[in-house]
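You will see two complexes here that share chain A, one where it goes with chain B and one where it goes with chain C.
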Partner chain A sequence: MFGNLDFDVIRRSLPYLFLDGMSFTLMLTGLSALGGLIFGTLIALMRLSSYKLLGRIAGLYVDFMRSLPLVLVIFWFYFLVPYIGQWLTGASRPIRVGAFTSSLVTFIMFEAAYFSEIMRAGIQSISKGQPAAASALGLTYSQSMRYIVLPQAFRNMLPVLLTQTIVLFQDTSLVYVLSIPDFLGAASKVAQRDGRLVEMYLFAALVYFVISCLASYGVRRLQARIAIVR
Partner chain B sequence: MNYNWNWHIFFEPNPTGAGTYLDLLVSGLWLTIKTALLAWVIALIFGTIVGILRSLPSKAASWVGFCYVEFFRNMPLLVQLFLWFFVLPELLPRAAGLWLKQLPNAPFWTAAIGVGLFMSARVAVQLAAGIASLPRGQKQAATALGLTTAQGYRYVLLPMAFRIIMPPLTSEFLNTVKNTSVAITIGLIELTGQARAMQEFSFQVFEAFTAATVMYLAINIIVVTGMRFLERSLAIPGYITGK
Partner chain C sequence: MIEISHVNKWYGPSFQVLKDCTTSVAKGEVVVVCGPSGSGKSTLIKCVNALEPFQEGQIILDGIKVNDPKTDLPKLRARVGMVFQHFELFPHLRIIENLCLAQEKVLGRSHDEAVAKGDKLLERVGMKAHANKYPAELSGGQQQRVAIARALAMDPIAMLFDEPTSALDPEMISEVLDVMVDLAHEGMTMMVVTHEMGFASKVANRVIFMDKGEIVEDAQKTDFFGSPRSERAQKFLSKILSH
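Coming up: the complex of A and B.
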């Protein structure tokens, strides 16, 4: 059944697959996770703030993003980002935005909704006595968040945040719909150029599988270590 | 923003010659719902089997369940759909592969099965957690009453576990609906696909995507509301979700 397959095509395209494709995927994953975490934390703080309106807006944003498929959101931002750029810079025409920037904006905005739910759970898991003690010590709201609540919330939620990042890593493959050469896009380009769909897609599946497996194994180990400390 | 809004576009005839652009989107919506429902049935069947395997005391059974879940969870859905759609027919014996490739509606069946199996791993995890959350006494009481393992699952453990995991199952069903949009890559023209087609034909990008967005939101609201009623009527008295 593997008789007429040519696995040498993989070896020949390795530099392109990893230096171009995988570095795009990893860069997009890393920056989106970071941006998503920052915006997600801000959204979580908004949701938990005592200003009802702020909380309402943040809640609507999260529910809205979470009810849409990622593919649709990718299309939305792909067409919307040039107009947002025009509005921000005051240019007379929609500006040109590269594939990387467009997908980065998409994933940050999309993941922020998911990260915010994790951070919200993390902040709520801190006992009420802690911020109360902080304000008794004379710390302002932002100081108590900065030095007391958020570091612990982040630490408690680290395994969940990392698991979500693994999901994000897999989801970045969806930029395929914009014909962007991420890892899967690169594999697919080679596959179609050389007519080697079977070899390339099997290899891509294997690479995603190995990376995700190792990463989730690492998260499980981390979780066990954190569980002992607490 | 210098963009020419034209909300009447939905009532203009579409280039396929049959009906308006709105008809196009509605047919996409139906295809999304059909694919999601079939995928959900597959996910529930396989998810239940694997979830039970994971909860059995036998080491071998739970190992098989573990491998199944890891296999489907550690590859992007897009890659899995490619494997089913492009790779599987080539690896089968010639006649079977040819038959698969010539199947009418191949994208639909591939999408339903691919998304269904992908989601089944997540259903399995939820169900295993639900069974694990039951007090140990339930299983022991079932055994003490003379029920076999199969009967214990059928009459005691599963009815309890499914009612407990109702809320996460609701969001997994919504994920199934959303995930069908990934099948756009294997040529399934569901809701997102039709919105994209409408954008390419009419150049009214934002109207097309707005309509698709509204339809996805509507599905969400209907499912969430419906499930809330179902959850309330099935809630187990004495549990947090119960009365």
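Coming up: the complex of A and C.
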């Protein structure tokens, strides 16, 4: 049955697939994870803050984001952001937002909701005595968070954060709905152009599988190393 | 140095942990606070540097009112050292970094200055050889000595000890008490929550006995051990001194 398959199409399209597609996917994954971690940490701090209102707002945000399918949020942002931008800046026409910027903002906001829950668990895993000791030494709340609590929370949660990033790496393929040539989008374009759907989708699956597996293996190794240090 | 007057504290609407507590610690004085568990002694000592809030009364520390909303608490806390039951060293930092962090971030000392001070204090508590280790690599007694050095690095005007030996194995208690005795002999103002009556009889000036959130007895050491006035203190002493 594989007689009429042409796997050479993969070789021919490799530069496009990886230099354009995969580099986009990796860049989107990396920047989204970084942005998501920063905003997620801020949201976690809001949720744990003693100001009830801040906690409420952060909680609503997280629930909201987690109750929506990611594809919908991607669509929503792509078509809405230009109008929101217009409204904010008071421009006469919808502002132009590139597909990359739009999807990056979407992923950062979406991942922030998930990362915030991880960081919240991480912060809560630090015993109350640690911030108490920091305060007793005269550190302010923000110093105690920055130098004592967050570094420990981040370290404890690193394996979970990285696992979530692997999920994110796979989820970035959803930007294909905006016809953005990420890795899957690029593979799909070649597939349709050359009529080689089976070959290209098989290859795409294999690449996602290998990268995710290797990354998971790396996370497990890291987890074992962290466990020893502690 | 520390003036505690009529402090009342409640957890929730009905449970009163501190009942009209009034006492003081003069400069250079060593005061031991003892009493059965749950008597509020740890809570009281944590009120002194405002780690625990309280609803009524006032505490004045070196002339500054602790429970005044206008008081710059981090600045005030930086001037009193505190040692915790569970050490609370920062596990992600090396021993020397544990000593340097607050010196640099709070007192604004340079890194070299902080390290020099840290080294000196580690030497003093006999921990200089372990400066580059992480807290988890040390025994409980060693960690507590580091914790004392960390507090001393801030050049505190007084030291608060919250059951510093309660979490230690018996053979490690004396190494920590030795450091504390030295400190007392040097004239440090100390408020110590402890069950170590040997320590109390050796260096304390006064002993405070608490029960059910009240200061039941506040007496000179010799009076306290000689003839405690209250029945509850007599009972407590007979229990912990009988073996």
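Keep in mind that, in the parts below, the second predicted complex is superposed on the first by the 226 of 230 C-alpha atoms of A that agree within 3 Å, B and C clash if a C-alpha of one lies under 4 Å from a C-alpha of the other, contacts with A are read in each partner's own complex, and residues count from 1 in each chain.
One rule holds for everything that comes next: contacts are C-beta pairs under 8 Å (C-beta built on N, C-alpha and C of every residue); 3 or more make two chains touch, one makes a residue touch a chain.
Bear in mind the structure is a predicted one, so any value in this text is a computation, not a measurement.
**Q** Quick check on the chain A-based superposition: chain B and chain C, clash or fit?
**A** The answer is fit.
**Q** Once chain A of both complexes is superposed, is A:Gly138 in touch with chain B (first), chain C (second), both, or neither?
**A** Only chain C; A:Gly138 stays clear of chain B.
**Q** Report for A:Gly129: first if it touches chain B alone, second if chain C alone, otherwise both or neither.
**A** The answer is second: A:Gly129 touches chain C but not chain B.
**Q** Of chain B and chain C, which one touches more of chain A's residues?
**A** Comparing chain B with chain C, the partner touching more chain A residues is B.
**Q** Can A:Tyr176 be said to touch chain B (first), chain C (second), both, or neither?
**A** first
**Q** Quick check for you: in the superposed arrangement, does A:Thr163 touch first (chain B), second (chain C), both or neither?
**A** neither
**Q** Mind working out whether A:Gln223 is in touch with chain B, chain C, both or neither, as first, second, both or neither?
**A** neither
**Q** What is the contact status of A:Pro151 with respect to chain B (first) and chain C (second): first, second, both, or neither?
**A** In the superposition, A:Pro151 touches chain C alone.
**Q** Scan A:Trp76 for contacts with chain B and chain C and give back first, second, both or neither.
**A** In the superposed model, A:Trp76 contacts chain B only, not chain C.
**Q** Determine the nearest approach in Å between the Cα atoms of chain B and those of chain C after overlaying the two structures.
**A** 25
**Q** Quick check on the complex: what are the chain C residues that touch chain A?
**A** Chain C reaches chain A through residues 49, 51, 73-75, 77-82, 84, 86, 88-92, 101-102, 105-107, 134, 136, 150-151, 154.
**Q** Which of the residues in chain A come into contact with chain C in the complex?
**A** Chain A residues touching chain C: 127, 129-130, 132-140, 143, 147-148, 151-152, 155, 229-230.
**Q** Of all residues in chain A, which touch chain B in the complex?
**A** Spelled out, the residues of chain A in touch with chain B are 1-2, 64, 67-72, 75-76, 79-80, 83, 86-87, 93-94, 170-171, 173-174, 176-177, 184, 188, 197-198, 201-202, 204-205, 208-209, 212-213, 216.
**Q** Per the contact definition, I'd like the list of chain B residues that touch chain A in the complex.
**A** 1-3, 70-71, 73-80, 82-83, 86-87, 90-93, 174, 177-182, 184-185, 192, 195-196, 199, 205-206, 209, 212-213, 216-217, 219-220
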